[in-house]
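One chain, chain A, links the two complexes that follow: it is found with chain B in the first and with chain C in the second.
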Partner chain A sequence: MNITLDLFLQVDLPALLAATLAAATCALLGNFLVLRRLSLMGDAIAHAVLPGIVVVFLIASTRSTLPVILGAAAAGLLTTILTELVRKIGRVESSASMGVVFSILFALGVVLLEQAAADHVDLDADCVLYGQLEDVSWFAPVAWTSFLELETWRDIPREVATLAIVFFVSAFLVTLFFKELTIAAFDSALATTLGFRASLLHYGLMALVALAAVASFEAVGSILVIAMIICPPATARMLTDRITMQVWLSLLFAVISAVLGYGLAAFGPGFFGGEHALSAAGMMTVVAGALMTLAIVASPSHGVIARRVHQSRLAASVVHEDLLALLYRFEETQQANPTVDLVHSHIRRGAPGISERALRAGFRSALKAGEITKNNNRLELSSAGRARAMEIVRTHRLWERFLVDEMGSRPDHVHRTATTLEHLTTQPMERELEMQAGAASRDPHDRPIPPKPAPNEPTPDKPTL
Partner chain B sequence: MIPAGVSHTSSHGSITDVSVHWPTLGEVWEVLSFQAGYNTNLVMLGTAFLGIGAGTIGAFALLRKRALVADALSHATLPGVAIAFLIGSWMGVSRSLPLLLLGAVVSGVIGALCVQLIVRYSRIREDAAIGAVLSVFFGVGVVLLSYIQNMNVGNQGGLASFIYGQAAAMSQTNAIIIGATSLFACLLTFAFFKEFRVLCFDSTYAAAQGWPVQRLDLLLLALIAIITVIGIQAVGLILVVAMVIIPPAAARFWTERLGVMTIVSATLGGLAGYLGAAASALLERLPTGAVIVLIAGGIFTFSMIAAPARGFVAHAARRARLRLLILEQHILRKMHEQLETVAGGADRHADASVSIADLASERNWSTLRLRVALRWLSARGLLNRHNHHVSLTESGAREAARTTRNHRLWEAYLVRNADIAPSHVDTSADLVEHVLGDQLVQELERELKAEGVLLPSPHPIVATHSAREGKS
Partner chain C sequence: MSIHPLPEAPPRLADLPEHSAQSPLSIHDMTVAYRHKPVLWDVDYDAPPQSLIAVVGPNGAGKSTLIKACLGLIPLASGRVEIFGQLPRRVRRDVGYVPQRESVDWDFPISALEVVAMGRYGMIGWGRRVSRAHKDAALQCLDRVGMADYAKRQISQLSGGQQQRVFLARALAQEARLYFMDEPFAGVDAATERAIVDVLRTLRDEGKTVICVHHDLQTVQEYFDHVLLLNMRVVAAGSIDTAFTHDNLQKTYGGRLTLLDQAAQALAQAGARP
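Up next is the complex of A and B:
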């Protein structure tokens, strides 16, 4: 397929513009839906605008933009209100009430559509579902310079113009009410106590969603509306904890999905020798879904991989510390340096369910830090290792003291709890424990609590009981 | 981009020219009593069986809060259908139904499992996960369909029936598949009734008791998947979720018992299928799937309003009755208190009267509300109405004394046991006095007597009628 400039400007550019604007508008509003766990309201509204559009058509016999938009927005609001009504009056769980309402409204839309179809109406459910991105065309521009002429802009496709207006209205309102929307998204009760009507804000947001859904449906279809309301914000949420950042990221992902999706659909098949373009709206949702999957798996802060790495590091460091403490206890009881196998079995007994990998990683990190040495398959603490081991055992026994003295636990029940806590104890916590322990120098099992090494003290000697 | 021939079944002239042909009663009866020909009967039976199966499974899906998972699942079937079609045409079997259904089930279940995986392994919540899976899987399906459409393979028209459903074109094979699957799903539900009940009402408890919760969830999901996929053929993948949600949600209004709810749900679902198919056979230009959903919606609305167990009217009536009772008791107590101050003692004449204006000034009662309540009280024989006064009857006086006594006993209890200041206790007692049962009153009495606390209440505790009767 050859791409000429004027073909690009007349066919691809307007389609791209429409798709990008639609995606950005939906993603912008979607942020607040996703945070409020109302994502499916976007789904419901996107389905339920159908009867609104058809009713307007049947009454006014027009497909001009304004009445259709008003009808659809009314249908969207109706969905919200009916859902709320069914939830309250019928005491039906909220997601189920949403499902009841939107499927009935969609069915109504399909029936009405069938009536309208008798009238040779150029309007069918397909168009609502997938949109007609391929039909958006802009004949005026023939070269880049055309955009400098006013004539070109006068000929801007209706869909693009509508979407641009809806986008800017949404952006304006979101900026204006950003603080309120944020508070309501995280804590609607707080919003109400702060004195602004959270419910009014809610209905306002829903009206905007309906507006976005209907402005987008002609160009990109309702399926893309749902995807763009949910995927880019969810992707952004995987990457950041800050709402402002999330909104910007979601816009970025929406634009990427639109452009990349369109590119793949329109030009992708050409690379593989295909002749026909694929569905652009479908491809955009695929890209949005792929981005989301990528973020779920690979997000540096909240991704599956990052969490796995973090967990295995934590497990290794626990093994590392357990190992040091164990060797210290061997020294305490004047036993010979234990063999590797013995240590393995001790640690496994102490932390059942620990993975083989974590075990090996813990050993490696202790060896690498020079805190233990291995001779003839027997393990020994180095002096640096002993200093750290003392710290750990000290924390452990201070915790045991605390648990018995202050929490009233029985001495034979505290070991496991202390083993967990010793890895999580910060310096201030330790000072606090020290104060609580007071003059006590022995733990509940009558073993000495190791002293705190002074900053410049020489290497501690081997301990004695 | 989707093969045409889906929704445009007929094309008449302008909409104003189309006159609706209303069927006669005879025709209606003919269709409803299965005398309207083989095809119509087939469609009606098929959709009715679908409704029964979906209603049965849906009851558990709804209670397990999986209602919209069914939506994600039904949308997620599309790529499976498309891939199965591609595989089929590659193998040379064009559009084999079992293959398409298999593809639909597999990709639907994968979609539903994706929802669970996302919820489990990421910070994305269930609602967003459902929406994302639903739209992305559907998007994949749309891309594949757009690819298929450009291939030179015949017989693609059937694919679109998966999106909108084609109940009207139901074949005998389809109807048999639907009936058998539905029956199978019902039997399985019956066999696992106890397990599903524990799962739906308290899955944590079930897990603690050693039930295989995860496997049961998977079984429920598989049942939802099967019923969804066979439903898609009839009502289409967008509307099939309605068959799973609406009948059980409607059944929930009629009963508080799971067994009854399941049966009611199956019945309502079957009814919606049967009536929907009949309506679309009788009237022109009514797509069967949508009509079934609309009829189910009508049943739902009716149930929500009129069901005696949990319906709106019954609920509102119960609340109104309670409010009337509270108002009534407040009036009686106020009258008792007024008479007390006038007569200066607990014993007073039954015919001593209180002016309505005095009563009205006691609280924020509107005149209208007060008059309605007074009329109600006099109708119950508790008081006599005069021009501007009311007086208690014998039984009214007893009831007033009892109410006042409950109020003051509770006040005494609150002052003593809940550390509420005597000046604040009146309102708190106001809220509770109406729901004190006889037994509780006796217990309060006994407790207060045992402690020798006589009157911590700012008001004297009046003698009950029984005490007075005992004296006389």
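Up next is the complex of A and C:
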């Protein structure tokens, strides 16, 4: 497949521009919907603008930009207001009322559209869903230098011009009222008491979403609008805990989805030997979904992999600590150094459901830290291991004291709880426990609470009961 | 030309004999209803200046409703509220608010400092950025509640007590003269409880008035100067010595007035089926 420069400038560039602007606008506004947990509102408005467009068309027989935008904006506001009304009067949750309102409005739009189609009108339902990106063309540019000429800009495709205006208006308003949108999303009651009426901001935002939806409609269709309102902000949220960064990342992901999606749709099939280009809007939505999946799986902070790694590290460190504490208890009761198998079975019994991998990893890390040694398949604490084991057992027994003395638990009920808590005890918690225990030197089962290690204390001897 | 004389503007509450001119908050004959069902009836109240006031009553007594109605967050079915002798919306800058902690989404991607800075938004105004000076002021407020070290933390990483302190710091950042707080002591640790009490006392010493919905009857006497006992109506109000009595508590907690409940129900049904 060959691509010439003038073909690229006349067909691909305007389509790319339209898609990128649409994606960026939707993503920008979508941030605030996702943060308010109102993502479905974007869906609702994207669908509900259809009857607005069709009604304008039936009344004014025009597809020119301004009347259509006004009609769609009115439909968008109507959706917002109806949703509120249905929620209040119908006493249903807000997602249910959104679902009711937008599906009925959309259906109404489709019926009206068919009516219009019967009158041989140039509007169809497919265009509503997928858009007509391939129809966006720009005949003026023939080379890069064409962009230096005024004539070229005069010929700019209507869709691109509209989308550019809507993008810059949205960007301007979001920048100007960023603080107001943030406080209304986070704490609408406080916003209202401070004089920033949350409902006003909400309707303003919804009007902008409706504007973005209708401007994007013709070029990219409603599916992409919905995807771009939700996916890039949600993807960005997985990667950052800062709202400004979330907004910037969402814009980046929107642009990547648009450009990569277009590239794959236009040139992907040719690359694989296919003949027909794919739906560009569809491909962009797929890319946005793929980015989101990637973020859910691989985000360094909130991702599935990161959480798994964290969990398995935690499991290994629990085994490690359990192992030290167990060996210490063997020493306490003057038993011979236990065999590896015996220790394994003890730990398994203490922590049912523990994975073999965690078990092995815990053993490895204890050996590697030099806290235990293995001789003839028997395990022994090193002096460093004994020091640490004392701290763990001390925490355990302090917890047992606390659970019995302060919480009134029965002494035979507290071991398991203390075993869990001993791994999660922070320094301040430990101090609090010490305070509560006071001068107590024995746990509820009359075993000694090991003394607090002093800094630079010489190696502790084997314990005696 | 109008035949009827224009109605005179109603006198300010502060000028009425039954209200006090010094009161930071005057409530006159206020009734508040949800879906036509009254939850507060005919409330009259004057908050004494420079005091810590506990609003006490059982669940469903209308404590939060009272606060929200004073703040203009829910409409009054009837009656009037004046704050420093003015309509509440005219004195927004003088009124601080601490909502219930559960009323917001603590997963929101902002830091503790950014939440506190929200307290300054009223003075910053529409469309302006948060300046360095306002950020510094917010940081000082965080410091006053012992949370300066957590300024950059995302709010979901804070404990419940720490989140409550952030809310308190945000109220301080508002630099108001009258504060409404909705259960600031709910579910907090001992350290936070002490920090909140310290801040409340400092506020009072600075001449401010704090009205707190409070649920722990054990600590009312220790933490507060005045009490407003509420159960769908004002049962009693006054200083701890005079109003926080066994008798009044019995009246407040000894069950609803069945007749009031029935009347509210009847009104709600009449409203739903006109």
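Convention: the second predicted complex is superposed on the first by the 460 of 465 C-alpha atoms of A that agree within 3 Å, B and C clash if a C-alpha of one lies under 4 Å from a C-alpha of the other, contacts with A are read in each partner's own complex, and residues count from 1 in each chain.
The rule we apply is simple: a contact is a pair of C-beta atoms (placed from the backbone, for glycine too) under 8 Å apart; a residue touches a chain by one contact, two chains touch by 3 or more.
Treat the numbers as computed from the prediction; the structure is a model and nothing was measured.
After alignment on the shared chain A, the placement of chain B and chain C results in a clash. In the superposed model, A:Val304 makes contact with chain B only, not with chain C. In the superposed model, A:Trp248 lies in contact with neither chain B nor chain C. Of the two partner chains, neither chain B nor chain C is touched by A:Trp153. In the superposition on chain A, contact is made by A:Arg37 with both chain B and chain C. Of the two partner chains, chain B is the only one touched by A:Met292; chain C is not. Contacts of A:Phe196 after superposition on the shared chain: chain C is touched, whereas chain B is not. By the document's definition of touching, of the two partners only chain C reaches A:Phe186; chain B does not.
Of the two partner chains, chain B and chain C are each touched by A:Arg237.
Ranked by how many residues of chain A each touches, chain B and chain C are led by B. Shared interface residues of chain A (contacting chain B in one complex, chain C in the other): 37, 237.
The part of chain C that touches chain A in the complex is made up of residues 68, 71-73, 89, 92, 95, 97, 99, 103-105, 108-111, 114-115, 118, 121-122, 124, 126-130, 154, 156, 170, 174.
Contact residues of chain A toward chain C in the complex are 35, 37, 176-177, 179-180, 182-183, 185-187, 189-196, 237, 240-243, 246. Touching chain A in their complex are the following residues of chain B: 1-2, 6-12, 14-15, 18, 62, 65, 67-68, 71, 118, 121-125, 127-128, 130-132, 134-136, 138-143, 145-147, 150, 163-164, 238-239, 241-242, 245-246, 249, 252-253, 285-287, 289-291, 293-294, 296-297, 300, 304, 310, 312.
Chain A contributes residues 34, 37-40, 42-43, 47, 58, 86, 89-93, 95-100, 103-104, 106-108, 110-111, 113-120, 124-126, 129-130, 134, 223-224, 226-227, 229-231, 233-234, 237-238, 265, 274-279, 281-286, 288-289, 292, 296, 302-304 to its touches with chain B in the complex.
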